[in-house]
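You will see two complexes here that share chain A, one where it goes with chain B and one where it goes with chain C.
Up next, the complex of A and B:
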């Protein structure tokens, strides 16, 4: 079986119709975990919204910070990671005409490791042994099992990384002189970034385990925080790379067009991989102990990411306009009307792309020194990442579901389900616009994030925040409705939709396009450059933090 | 397309460079950089280390004050500070336990205060009123109660 499959891959990948059922099982399992996490995380999110507005009071056995820790980890880590793996493995399987069986095995090992890790982490949060929020800044010390659970999650992700690398190597060896299909190239970018992003946080967690067990007396809080943001900042761009894979390659096909120049797409991926990691200090702009020049370097590195982002914006609008005109759109904006707004597979990622404009602008505010001082740790930041992750990334993910899941489950997207998807997209957009919009404004007025109750004894400035917090609550309620619709749609398409054939929508290049250059496949070189840039950004400050470290901090539990 | 894209990229890179120049000029020439003080302290001996063994308000010049402050779960020492209008204030802060934040809504005062590190930030209070001071980094179960006021009159 393996042999004949390989044979077919080599001679004629297009001949394989539909997905290999074993590969589909891998992706569907990851997607199942993703949407269960979304449901739980969404319920917790709504509780937060209502509690902040003072409309409900959580029971004494469940405090706001437990809820917030779980919301952050379940959505930011578990939902996005499992969705990404499910989707990227499906892309890989499609591009390579099936996964190698050992790669599939690695994906299952990763699945088991991640599940074990998530259970350990969740149990500790529920027991109130780990109310440290998803950033777990030391010297807040959670139960050791919390950190051990995180290690399992990382190991699971690494198993998936190696799976991708192995399958890529294998394909390249068997196709000398050929460039990999573009979706597989995206997958390489995503998983390489993931691997290097998680090194920092893994080192941090390994130092926190003996410390939380009392085997080591103190820890360096500044190094911990810095290693965390090495990871946290990069994670943002991993999602973004995953989302752009759909923007560049899937969306053009859905609207009946061709994709942008493959050489440029590859250049954007390479730039994102190389430039990504060293921006982490923009989360630490108002920290002590880091010099202004190092902070400035990171401001520069963070802004340099704007260049590939702007290239993406150009490419996307170029493709949309060209396709709209080909479909008969006239005049300055007539092409817009020709786009399939009633098709959820287009609508959701389109709104996601549009929201990247305010999201990106907000990001530039966050990253620049003086403006950061105005909004740091206020609700502005929460508004910012609900626009960027919560809309730009998550709506793209939602849009992907409406073709990926029927494709994997060998079912069909019915017109009725499409309608449900369109409604879901609007509910989500309005909910996020209300919630994130009011979060931005009230953040400018000083309302702090991560705070269960911001009445401050009725101080007048705190009173001025209340109307905005009421708007969070309305937005949060709409969003929970959106989550429920989406989860319903996902499981319906997985198990109940009518059987049938669903196409995997991969756009083709233009007829006159030049082929992608082979030098783009030199991942060894890109990794060397990536390491060089990481070293430039992190070696000097971290060595400085260690050499000039104050006496460390013991573990502290303040909850 | 090639041509258009080149223009787009050139213009956007140009904007970013201008942006960096402004941020850099403000930071390094105008001294408006973010709080980044680099002194350290033993976080377990704050109470016996100068100047934090004696937190409080000191007049150090003409309507110029230094406020030496410790932050701990879940309060500020000293608290309920009173200052005259127009006071130029230099806050010198550290934490006795976990990471806290120091924010005064309505001003640009916003800094992280971490155990082991001394943080400094300055501000001139030109308008009278009761300013709310809050901790804006999660520090434990009573984080929402960690606040005080600065009264300027």
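Up next, the complex of A and C:
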């Protein structure tokens, strides 16, 4: 017995490592906040869908733009950030065999700071003092407390970033000559992006606080927007990196296969970290004051993200096909049938990956100058990000819940819960397909986003949008049902499912795989390259915006 | 050899007239992106020459110093505003730019860097850091237009970009000095 244990430690340490119980509490707390936010955000989403369709009229004490601000912030920032932290910290704890106690403390500090921040932000939205939409850039001005709340959220995220960096350094120091476990490598990529993404928005918010207090009269709107999208665009790639960590490493294990070459996976992570921040300008293709050539450069930068994305797509289908064939799949597509479609831990991320195909294609449309003119600020955009974040990312997150939460709470995923998960996945897929699909089409017909009432006095074009808006409402209702099922499943697995053991599914490399090269661990170099790329991309427009600044804008309150 | 192939592809891409015109339309991109990329393509292509003509490099660049000096001279020449202007107006200067940065700067850089001792490497590194700082200071401070082809605002932008590069160099220097390089050796 003694002997075999020692042998397992030596030959297969992953078998005995596990998330430390104290670390599990950290992750579960973050996940709790995530799914409470999802529930509230989902209810608000349905209200919006119904109001857009003209089926309800929100009361004056809770207007459409208040709801839209809360929906955007709760889902886009709070849900995704807290889920990411909960999941990535569990990965880290699992890979390293437990977090350092000071790192755990940092995670708790981060939790408290974020909670304070979210409460401040939410209270201001509820008081109707901050209907500035989730993008919160000027000239719309919220109450100063709203921005101060955002600062707290950022500080909380930084605490979590530093926790990851410290733990990584500690591990590296004690394991010279070894490469970090792949999930921990992903965590480094994710939190480095978080850190650099939030620098832009922090600068923005710090200029907005005195402005909203009336201490300074005006602010530079273009710079504010640019700094916001520096953050907003990077946030998108943070989700994407988090989702791909599950696609590359978790999914292969669930289907009984091995993961793809670790060198390629690491290359994808490094490319995403270095290349991504400058893509932010594709959200500003229609903005004035940025020269054509600079815009072109940024289109090029954002399309360069397609390279790691396509690498991911090919690698994933390779793994799926190889595993399906090993399981006995024959013929051109026979391997597809061998995959475990009835297992929610596979089904949800699989649909997520498939939806990345239309999502990515839509993204290429958005980032192309001429096509952007057609779809800018229409419902197309809303359809686009409900496919990408609402399906590709969120369904991956949902799929992760079905093993992560029972694992953390030392319970089991029962066959019944698996079935509920499968049903949830289908409800969500159908709901989003209806809602996002009709949003895409009606966007092409000109229906504007962020507008509560689009009847325009019964103009015939506006009338032609109504049938599509009815489809939003149907989709939105299905989605709310999906949210409720998911939240039920999450809390059931957290507190009520039968006690037992659940596997943390981490795929192994192929037996004949070459080990990952150590140079990939040179994070200092990747960070310097990241900064160099950011400065190349941002110096030109920002210097121009500041030196050739138009008169600044005073705070504006449209509600 | 594969590397040399990639280098050649990059070189051809960079000298395609529309690509070149586009990159040269913004001053900072001209200096801080097109030129380093040309050097980088030469850096990759160098493999080919090293394998084909090992004797040549051995005879002329045994300790790496001549190659490094050649690289520095070529690079500094292209930092002169007048040189950039000429490249935009005179075709043969433009061709010389493509040729010199790739084959007279990129190739010797590759061959020399590995041969230099750590002291010489540090000197080159510090030199470049200082160069970026001084250029940044000058380009931001100068009141008059120093390139016929670029506006003053582009000059300022270039100055800020140079400072940003200096910051990157300093940061990387610290990283290099303060991390234990043995961590990256396989045991």
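By definition in this document, the second predicted complex is superposed on the first by the 541 of 559 C-alpha atoms of A that agree within 3 Å, B and C clash if a C-alpha of one lies under 4 Å from a C-alpha of the other, contacts with A are read in each partner's own complex, and residues count from 1 in each chain.
Everything that follows uses one rule, which is that contacts are C-beta pairs under 8 Å (C-beta built on N, C-alpha and C of every residue); 3 or more make two chains touch, one makes a residue touch a chain.
Just so you know, these numbers come straight off a predicted model, no measurement behind them.
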| item | value |
| --- | --- |
| Superposed partners chain B and chain C on chain A - clash or fit | fit |
| First, second, both or neither for A:528, with chain B first and chain C second | second |
| Spatial angle chain C-chain A-chain B, Cα centroids [nearest 10 degrees] | 70 |
| Touched partner set for A:222, first chain B, second chain C, both or neither | first |
| Contacts of A:548 with chain B and chain C, given as first, second, both or neither | both |
| First, second, both or neither for A:45, with chain B first and chain C second | neither |
| If touched residues of chain A are counted for chain B and for chain C, the larger one | B |
| A:518 touches, of chain B and chain C: first, second, both or neither? | second |
| First, second, both or neither for A:163, with chain B first and chain C second | neither |
| Touched partner set for A:318, first chain B, second chain C, both or neither | first |
| First, second, both or neither for A:296, with chain B first and chain C second | both |
| Contacts of A:306 with chain B and chain C, given as first, second, both or neither | first |
| Minimum distance between Cα atoms of chain B and chain C in the superposition (Å) | 9 |
| Set intersection of chain A contacts, chain C complex versus chain B complex | 296, 548 |
| In the complex with chain C, residue positions of chain A that touch it | 172-173, 176-178, 293-294, 296-297, 518-519, 521-522, 524-525, 527-528, 531-532, 535-536, 539-540, 543-544, 547-548 |
| Residue ranges of chain A in contact with chain B within the complex | 63, 65, 131, 133, 137, 139-140, 220-222, 225, 264, 284-292, 295-296, 299-300, 303-304, 306-307, 310-311, 314, 318, 364, 368-370, 372-374, 376-378, 445-454, 456-457, 459-462, 548-554, 556-559 |
| Partner chain A, residues of chain C touching it in the complex | 22, 25-26, 28-29, 32-33, 153, 156-157, 160-161, 164-165, 167-168, 171-172, 175-176, 179-180, 182-187 |
| Of chain B, residues touching chain A in the complex | 1, 5, 8-9, 12-13, 16, 19-20, 23-24, 26-28, 32-38, 40-45, 73-74, 97-99, 101, 103, 105-106, 108, 110-119, 130, 132, 134-144, 147, 149 |
